[in-house]
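Two complexes come next, and they have one chain in common, subunit A, joined by subunit B in the first and subunit C in the second.
Now for the complex of A and B:
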């Protein structure tokens, strides 16, 4: 149990950091640059941890630790291959709720910093969360209705018998909707509105320095891992071993990065309008299809 | 213990509190706390009691019945505990205002009359206490005068309309069945025609719905909650509107009966399903209106309506999990909304009545305990795991999903996200961000204000980590309605379609937090810097000039505000205007001038004489 726990955390951290490194390298190559080495995020974190840091008081620290703890506890609910540590503690409904712990922690921390850039960033972060959460909730409800369970391991088991959710016809609309919102959940372009370095100086993380920034980076790595792992588990059938699971995640992430590289950034209103129009409509239609099929 | 004595002593003692205020303020404060504590103690003593007392009134047909059972005890507990805490909070809050004796008299009177409603075993005594509660509430809402008078008027007019509906319903039931005792009425309605059931249903739903502030009847609540004195807002939101829910529960599950209520149909028109959708609409619409508010208490008031939506949805859904979730949410809402209103009250007290979210900020460093209260309350209302709000909402969502009503579940979940956004704005704009220069010397809240907030926080956390304690009592309530009991343990709910284990989540979160905190502390200590240092890189910045709070979610406001017109309220206001102009035109005739009246008489006589002469009818 303890070993599994430790392994889950390490795999998540390594995968998350690898993805961040990979994305920098890929973007560089697409832009005809050489780019940093793959382990650059790790080097950055070690460097940051050795630097001095500044704080704005207790809540500033508390919020950051809370957001990292929120991501870590979320990891325990998301199956990695066949490992799911907190299998019987409330299922997808708890995941929906735990997903808000990390943004809320960051929001408290950056709010305590009293920097207008941080406040603008947080306001955008929460707005984006509301915007993509509308289709995401519809998609999750579709799955829970279709598979008739609120347990995420249950959904994976059922996919092992019936094939990936993405290939099941009634769930196709929801699957497409999920793919459409995935860049928004990951926070990459065209939805890189929260950090927007050129505009609001990295938003929520503007006041972080030294170990604070390192913690925020680790949290970002975890968050990237969680978002992709959730999609793989729900729509790509999970996996029986971590290696295969990693492969599936890699495919999804690389596809995301390719979109990230070629798109410019939306403004926040455009992002909300987009997310509430096509993905939400598709997800709504998908839910309607599943409900109607269920009644017949 | 006799329920009659409790109520009689409490009523007399409230008057004594008023009179003692004429002698000494300290004595009055002491007595007020004592009376409310006495009520709470006697309610706690009644735990696990179940009996009824018949009193004859001299009218043989109308015996007054007072009774207690688990449902009544549960509500009585909420009322008396919130009562004690608001009285303690009021001691300091109300100190420098006028008519303080009157305030305490009314506060206690509202509490006693609510207890009376809960203890009533027949509809007549129910109605009597209901009316006492209605007017004493009105007097307290308009306590601050000014805008509060208009808010109070709106409340009392809607409340009177509701009372009239309830009275009509009671009279109709009496003519039909010849009794007003709830236990005797139970089940009788199933013998009557469906049309009559619908008629009674609409009357009671209007009456209780107005008190409950369910969607089409919600419009009295935002002004009333925001204009009332803050501790009373906590009481209004925490317990008073729940009395409407109590009425609905009694009507649905006792008078109408569970079997009759579930699947109540008129052709294609499923009444129960429609109630669920009213609940869902009551969640989403007010929650998003709350997002647009700039007045701290008005924001909370709109959320009160939204949270009532969850309760209605849970109770109307009619499965054991749903009803248990709804009833548990009543308890939880009393705790976290009470806490939130009290924390606004503390801020308001220290800043001399400022509740404008755009002009506050940075109070975290000055009022840390109040902030912790507000944070825990906010986590509760959002339904963060490990707070009580999470468990009740989880129960409601789960039943909606398992019973395959995903659209209702979507409305409920969407409401939660709206709540997060507006509650974060609430916390951010009051406590985080930059501290305005004028609040530099603000002091922390006094102990009598901190104490109730601490108690509320403790309740929220305890019931969130160990939800089995309240759920055990709720289980007894729902089995008394004839629903199946939930399979609960001290740490959560067990079921085949997905279990909840809060203790697991608690230890995982606490463990993760502790370890990360430890790693965080192992690294060299961070230096604390002033807020302007990093942002301005040491250069001088003009004070009070760089805060982002006004229009916090501006892009969203521009998108949603055109869609969120409160057309129900506009309809009521138009109705009021039409009535007023109608009355004004009548006033032109009856203008109070005797000369005019004499002229009317002469004109009338002239007309009569003219008719007689012309056609000689008589």
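Now for the complex of A and C:
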């Protein structure tokens, strides 16, 4: 069990860091640059961990640990292929509950630093979380109603018989809504308003130095892994073996990065208006379709 | 990354991390900053050397002083330098921070930057080309390798000297001393 847990963490960390490195390299190549080596995030983390860092008190440390812990707990409930640690319990309900723990921890931590840029970053981060949680909740509710289960592994098994959720007609609207909110959950452009280096000096992480920034970076890698893995599990049918699973994740991530590279950024109120209009409406319509079909 | 550096990575990953991940703080003084946009964008691409600009001093470990330093700017430079996490490296860019350059007789610029904060290396020229930044970065790698880029250690060791020079310039400083005494740990 402990070995399994450790292995899950290592796989998630390596995959997440690989994705971050790949995104930097891809952005560089699209901008006609040579770009950093693929392991640049790892080099950064080694450097940051060896630096002398500065804390702003107990809450500052605790919040960061809380956000990291939130991501680690979420990892236990995400199946990798057919392999999931907390297979029997929780499922989607736990994910709905714990999804907010990571932004909340970051908010606690950088709030303790009392930096005005950090405060603006926190308010943006929580508003963004509020904005994408509404369509996400509706989508998850639709899936639970359609498949009649709250277990992610159960949903994967049912998809293996009936085909991907994205190709099932009643779930098509929810699938499109999920694709529309995916950049917001990942925090990439056009929704990169939380970490806006040109505007608010990288937002919540403005006071992080050394080890704190390293842990924030690791949390970011975990978050990237969780978001993409959840989408692949719920809508792209999961996978029977890890290699196929990573291939699916890679395709989703590369598509996201292509959007990230060419689009500018929304303002916060534009982002909320957009997220609460199109994806939320689509998800609501999808839920209505599934409920009506269920009644008939 | 060269394949023949793998043994170095195994021997001291920390030192290699400091070498290949230099985060430069966005701090623009004088006219030298005009060379920074071309060097971080598509034409000269500093990211392949691991040099990227970051928005705050807390996240940075490379400080480029790009051009003349006026009295008012020096205050901000000192505070930014003291906020950066150790180990940190400073590079003076252009001839103005070295000896005043064309502002040698100006009443409100300082002439020798290394009296006020420790500097690890200089790039001479008015102005240096973007290629000179990369030459400086590779020189900085060599210095880090031989543990000669020890500006932050010198700042601790000779803090009384630097602080007294700063106070000579401004009278009383608005912030308390970073270290209580020389050679503080």
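By our rule, the second predicted complex is superposed on the first by the 296 of 296 C-alpha atoms of A that agree within 3 Å, B and C clash if a C-alpha of one lies under 4 Å from a C-alpha of the other, contacts with A are read in each partner's own complex, and residues count from 1 in each chain.
Just so we're on the same page, a residue touches a chain if its C-beta (ideal position, glycine included) is under 8 Å from a C-beta of that chain, and two chains touch if they have at least 3 such contacts.
These figures come from a predicted structure and were not determined experimentally.
By the touch criterion defined above, A:205 reaches subunit C but does not reach subunit B. When the shared chain is aligned, subunit B comes close enough to touch A:141, but subunit C does not. Of the two partner chains placed by the overlay, only subunit B lies in contact with A:149; subunit C stays clear of it. In the superposition on chain A, A:213 makes contact with subunit C only, not with subunit B.
Comparing subunit C and subunit B on the residues of subunit A they touch gives the larger count to B.
Contacts of A:35 after superposition on the shared chain: subunit C is touched, whereas subunit B is not.
On subunit A, the patch touched by subunit B and the patch touched by subunit C overlap at residues 52-54, 117, 207, 209-210. By the touch criterion given at the top, residues 49, 52-57, 59, 61, 64-66, 68-70, 72-73, 76, 86, 88-91, 93-94, 96-98, 100-101, 104, 107-108, 111-117, 119-120, 122-123, 126-127, 129-130, 133-134, 137-138, 141-142, 144-145, 148-151, 154, 207, 209-212, 215, 267-269, 272-273, 287, 290-291, 294 of subunit A touch subunit B in their complex.
Per the touch definition, subunit B reaches subunit A in the complex via residues 362, 364-365, 371, 375, 382-385, 390, 394, 397-398, 401-402, 404, 406-407, 409-410, 413-414, 417-418, 420-421, 424, 427-428, 432-435, 492, 497-501, 504-505, 508-509, 512-513, 516-517, 520, 523-524, 526-529, 531, 533-535, 546-549, 552-556, 558-559. In the complex of the two chains, the subunit C residues touching subunit A come out as 1, 13-14, 16-18, 20-21, 23, 41-42, 45, 47-48, 50, 52, 54-56, 58-59, 61, 84-87. By the touch rule above, subunit A contacts subunit C in their complex via residues 24, 28, 31-37, 39-40, 43-44, 46-48, 50-54, 117, 197-198, 201-202, 205-210, 213.
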